[in-house]
Amino acid sequence: MIPLLKIDGLKVSIRTDDGMAQVLDDIGLTLERGRILGVVGESGCGKSTLIRAVMGILPKAAAVEGGHIWFDGENLLVFSEAELNTRIRSSGIGFIPQDPLQALNPVFKVGTQLLETMRRHAPDDGSRGRDRQRRHVARLVDLLRRMQVPDPETALERYPHQFSGGQRQRLLIAAALACSPTLLIADEPTTALDVTTQHQILLLLRELVGEFGLSLLFVTHDFGVVAELCDDLCVIYAGQTVEAGTVQAVLQAPSHPYTRALLACHPDRATSFVGIPGLVPSPLARPAGCQFADRCGEALPRCRTSSPLPVKTRSGANVRCVQYA
Amino acid sequence: MTKAVRQGGPLLGRRKMGGLAAGALVAGAFPAATSTFAQAADASTFVSGFALPMNLDPHQVYDVPMQSMMLNAYDNLYRYEGDPPEIVPWLAESHTVSDDGLSWEFKLRPNLKFHDDSPLTADDVVYSFRRMLALALAPAGAFLKILKPENVTAPEPLLVRFKLETSYAPFLAAIPSICIVNPRAIKPNEKNGDWGKTWLASNGAGSGAYRIVPEGYRPLEYLDMEINEGHFKGWSDNAKPVKKIAYRPTKETSTRILALLNGTLDCTDPNLPADQVEQINASKIAFVQKDIVMRTFVVRMNNTKPPFDNLNARLCFAHAFNYMGFINDILGGYATRDPYPMPENLWGVPKDAKGYDYDLKKAKEYMAKAMAEGAPMKRPLEIHVQSENEQSVQGAQLFQSELAQIGINLKVVGNIWSNLTTAAAKPETTPDMWVHWVSTYFVDPENWVGQMYDSQFHGTWKASSYYKNPEVDVLLRKARGLVKQEERAPLYEQAIRKIMADSPDIWIYNSMQLQGFNKRVKGRRFCTVGQGAELRWITLAG
Amino acid sequence: MLRFVLRRCALVLPSLLGLLVVTFLLIHAVPSDPAVAMAGDAATPEQIAHLRQQYGLDRPMWEQFGLYLGKVASFDFGESAFSHRPVALDIVQRLPATLELTFASLLLSVLIGVPLGVVAALKHNSWPDYALRIFSVLGVAVAAFWFAIMLQFLFSMTLGWLPLRGDLSATMSRPPVVTGFLLLDSLIAGRWDAFGDAVRHLFLPAVTLALGGLATIVRFTRSGVLDTLQHDFVLYERAVGYSRSRLVWIYVLRNSLTATVTQIGLLFGGLIAGGVVVEAIFDWPGIGSYTVQAILTGDRQVMLAVTLLVGAVYAMVNILVDVVHGLLDPRLMGRA
Amino acid sequence: MRPIFARLARDVPAMLGLGIVVFVLLLAVLGPWIAPYPGDASASHLLRRLKPPSLDYPFGTDNLGRDIFSRVILGARGALQIALAVVVASMLIGVPLGLLAGYRSGWLSETIMRITDVVLAIPQLVLALALAQLLSPSLESAMLALSLTYWPFFTRIVYAETRRLSGSLFVDALRGVGAGTSRIVFLHILPNALSPVIVRATIGLGFTILVAAVLGFLGMGATPPAPDWGLAIAESRTYLPKAWWYAAFPGVAILITVMGFNLLGDGLRDLVDPRIRRSR
């Protein structure tokens, strides 16, 4: 069976005041049906651009320079805006945004906003007009109840600022599920929440994937969350996939020096709190060779000249490092 | 210099230039356009561009716009008709005056009626004059000093008697300025003894050829009047009078011209700028009517302020104004040179007296003489103009550029009428020079020389040159006390000769009135009092 | 909501009082003697003295102010020194015409300006944006009177589509006055002919007046939309597949209108004053020409009343603006 | 400063505005040397009245036979003088008041801001006209009237900025190290509050030219024979619609100048601070 989502060789550049920025430079990842894939990377590594590329909402100044995004066997990059809207967004891919406070339109009732999506994207069940709307409301109320939003019946009549952060995130998860998509993309959905709420949300997501037969692409900078939630893992650095594999494989035996460095930083694991020295190279001036070479403790002279390609390691992961080439 | 032109060129966007050019083309072409809104089809409504008075009460306001309103809506005991103007019996059939000039009796026509069909009798005339005196506003100016309210009486139903305090020759001349109003319409609307002032300001209570429609009135904006079929004069002399007069005063000159040219207006106000004449006469739809009126244009000099207290200095200024250049080039010849302190077409003017001409050489000579006598001719002088009145500004600018040639520094200062009249109340605050017209309030030399150069009027704007010559005072006061014109005329001629020798002001021209008319307007009759605003003879062709 | 409005109204009163004091002092510092001007061209010094006494102009200024304040409290704005008509009556008759013109022009500038502002924002920093910005600035910079004359040329003279001046054709009889608003009164009387005629008369002045407001509305809508487009929810709404037009014209626009609404409030005050020139050219029987007339003749009662009136309208509109802000953004209501 | 200018340079309308402003400044400085008939500032020539545009008189002649092209060029100086005088005067009143009200609190601050509100509520045109009448209509009184109605805008901006800055960390820090009030206000707050003031002033320059023209139109501005644009339009009204050039060219001069200042001001506004979008 073909994977639900497969990205290969994705290159995206963005025109800025100071020149062309190579934001994504050869991203590759695969999400199998029914699984949860965690995409991990520091801020500025291109996670947001990756999601925007999948959703087809790249900024105007951005250009896709290469690669494919296969969703259920079709290349989304060749879809027109209209096709994306009618076939993919919400109905095919549900989206859970990063900051639940910022993502809801502050001046419209929650119900108005959620129903706006359903009106266009909910599967056609033959009902029309008022009837259709009534069914949508009923489904939303059901979902909200499932998401443990208090007073689901009146919630739709309230404004976003009348909910707490955790409740808003539940609203958005319900919204993402409302049109029965097969894929959910979650963009660091828990960063804005406190630890307890974060944990509850993760549990909820885990349950939902099983319950609704979904696949989930989960973007985060937090290995802890990945360990808790995901089946597979994909580490990106400076617009490139540097390591990918099952969570178990990668976390037990991280192959890429960057993955190892990241893991070392993680408060759960770190013996002492050390950051990775140096900065992510500017997308405006990508160095030749390995992007991580400047910060890598194990760098060799050839790291700065030849760009490594991803290779399979013994543990079954894909790694982009000359050590394995 | 062409370089500078090229620099300016690109700044004007192509489209802008196009728009302007189109505007210019249109300006030539539009008389052909027949607009939906040119209401030429309605031959029963005359749309008048005359200005409206501040309010509709003829006892509160007395100015040129009021005359144009009241001549149609109200009647007077006597009225000026014709050109040259002649005072003729109107509501009164005749009048008598006692030999001492103190007792005047007016006999009314029988069967006169107000608009509400109530009879107009001597009691109503008495009420009208008492009301006018009690309000003591502008129209009362000529009467307050000479007439007490209790001395207006009605000894018989059709006889009105006036007992004057002193003999006042212009009394009859001022009679047409007072309208007869209907007490039965006014009294129910009186409040706190205000003589119905508030009510009559927006309503009509007259007997005139046309009746005011109060619903069609908005102060200074519009006024509708409809025909009074039962007017005492009857309509036998006009087979097809207009049924409705719609006053639509138009504030901007350009709108006024356009409105005349597309048929929105049947006539403009009577103060059309000379530069517009050619364009209107070239159109298919309208023409300009020219009439000589009695309205003099004067540059006043404050005779109390040096150098204007010096005769040679005043003569210098009198020779430095380019009279004919102003009249011919700026006014397009639509004015008559008038060297007298009075309209040259009025009686009492010494026709043989010679005025002053534009002659910079003479002006320089007088200037030298004046300076020898210590007059500060080189001090910066000011001439105040009425900013809203373009012609006064132009006259002053012309004067300024002439004076600059002989080394006199004159500054043009824009001002407004209410400030100027306030300033003219005291010699210290009166400007060095200022510019104004003197219109016909009543047809009598008193309206000009009498009130301008008799020193008892110092403090009013008409006497704002603060000229004082005891001989002139004696002559003018004597003439005011006599009744017969043939006795008064020589006195005025003598006074004017003396005034002209003293050259207290610079007298420039007597106006020619320019008024645009739609060609469908027929039967107009002109009289300088009211500037031809009486519309009872008008017919609309087509 | 009601309490909020009432509290705002209560706050307006001291401001209006302050406005009254300031204007009163200013206007009474004017040297021209109203009595002189009031008495008319042919008046004698005795008449002038009489008037001065009659109108209390010979009393000390504080006494005049006290008298005036007492009258204003009962909505008596005195009598015009020149027309001798009650100022309140003149204002009641003229204000509707100005309001009608103001509303019409605001409506035009909003209907045209908001979409243009949105387009300019969507095409940010490209030629359509530049063109719209330059165009809208042109609208502010063009001399209204010149533009008005050009409109008269085109629509009244050459094409003959629209009337040149006034608010109703001279041959059209006026509908009976009920509200004072000509359009409303025509409708109330069922006079469709008068209504159509009045609308045609309203058109050119409203377009002229709309020009200045249009630029402001384009400018502020543009920056409001640009600001909103930065927000995450726009990205979210795109990601979940809102239709583009509904996203822009409903969901983004409503968030962007706060500044525009504030500007509309400010414009309203400006339009009444800015109407002066337009009212003069089109002979519109409104408050603008009335004000200029009052100033030219030094009519203090009218100047005072108009200043107060415009101040009050300004204050009322700003309260309305706050209310609209509340309606646009429910978060503000929560706070109020 | 450099990156701001670089960003401004990419903003086409703002650059157009800058170009116009520089051009008008040049005209103002060099006017008497550029104008073909500099004497026409005051002289009159009755024989060539109201001539349409031609090679000799590219913009035609006016009611006293003066070359309109020359008078349009000569008018630039006056227009800029009025605008600068009014804006500088308003800033001199408005900025200190705003600093005072913003930095101090209590009754003084309250009083200043209430007065500011009251003045803002006075219809600008009415006050300007009334004042022009008070002092007899002249350019000086028009300028005074405009300044008296324009300063509250500066007070408001500076007040808001001062309030914001005086609550900010770095001012707290300055107070902590014992910096004096005047030092804080003039060396630290004022420079930071300056950019919105400059933007407001730029737009104010254009606005003032326009209002001065309206005052001229109503006979309350410049007095003849000054080659003032607004006055020329006012004078031309009697000769319209025939002498279209008389009103058109001074009108275009006002249009372009006001547009220049507005475009430049808008560009600066977009650059300097997105927040002032909300403060008119």
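Assorted remarks:
Letters A, B, C and D mark the chains in the order given here, with residues in each chain numbered from 1 onward.
Rule of thumb we're sticking to: contacts are C-beta pairs under 8 Å (C-beta built on N, C-alpha and C of every residue); 3 or more make two chains touch, one makes a residue touch a chain.
For reference, the UniProt names are A = Peptide/nickel transport system ATP-binding protein; B = Peptide/nickel transport system substrate-binding protein; C, D = Peptide/nickel transport system permease protein.
From a predicted model like this one, the values you see are computed outputs, not experimental measurements.
Chain centres here are means of the Cα atoms, and by that rule the chain farthest away from subunit C is A. Remark: the per-chain Cα centre closest to the mean position of all protein Cα atoms belongs to C. If each chain is reduced to the centroid of its CA atoms, subunit A and subunit B end up 87 Å from each other. Computed centre separation for the pair subunit B/subunit D is 41 angstrom, with centres defined by C-alpha atoms. Rounded to a whole number, the gap between the C-alpha centres of subunit C and subunit D is 23 angstrom.
In terms of their C-alpha centroids, the spacing between subunit B and subunit C amounts to 36 Å. Within subunit D, residues 133, 237, 240-241, 248, 255-256 each touch two or more of the remaining chains. Residue positions of subunit C touching 2 or more other chains, listed in rising order: 31-32, 145, 149, 153, 298.
Those residues of subunit B lying in contact with subunit D across their complex are 1, 4-5, 8, 11-12, 16, 20, 23-24, 27, 252-254, 257-258, 273, 275-276, 278-279, 322, 325, 329-330, 385, 387-388, 390, 393-394, 396-398, 400-401, 404, 412-416, 419. Residues 14-16, 18-19, 22-23, 26-27, 29-32, 125, 130, 133-134, 137-138, 140-143, 145-146, 149, 153, 219-220, 223-224, 227, 258-259, 262-263, 266, 269-270, 272-274, 276-277, 291-292, 295, 298, 303, 306-307, 310-311, 314-315 of subunit C are the ones touching subunit D in the complex. Every residue of subunit D that touches subunit B in the complex is listed here, in rising order: 20, 23, 34-36, 42-44, 46-47, 49-50, 58, 63-64, 69, 73, 133, 136-138, 219-220, 223-225, 235, 237-245, 248, 252, 255-256.
Interface residues of subunit A, counted against subunit C in their complex, comprise 52, 55, 57, 81, 84-85, 88-91, 94-95, 97-99, 102-108, 113, 116-117, 120-121, 159, 161-162, 175-176. Of all residues in subunit C, those touching subunit B in their complex are 31-34, 36-37, 39-47, 50-51, 79, 82-86, 89-90, 93-94, 145, 149-150, 152-154, 156-166, 169-171, 173-174, 176-177, 280-283, 285, 289-290, 293, 296-298.
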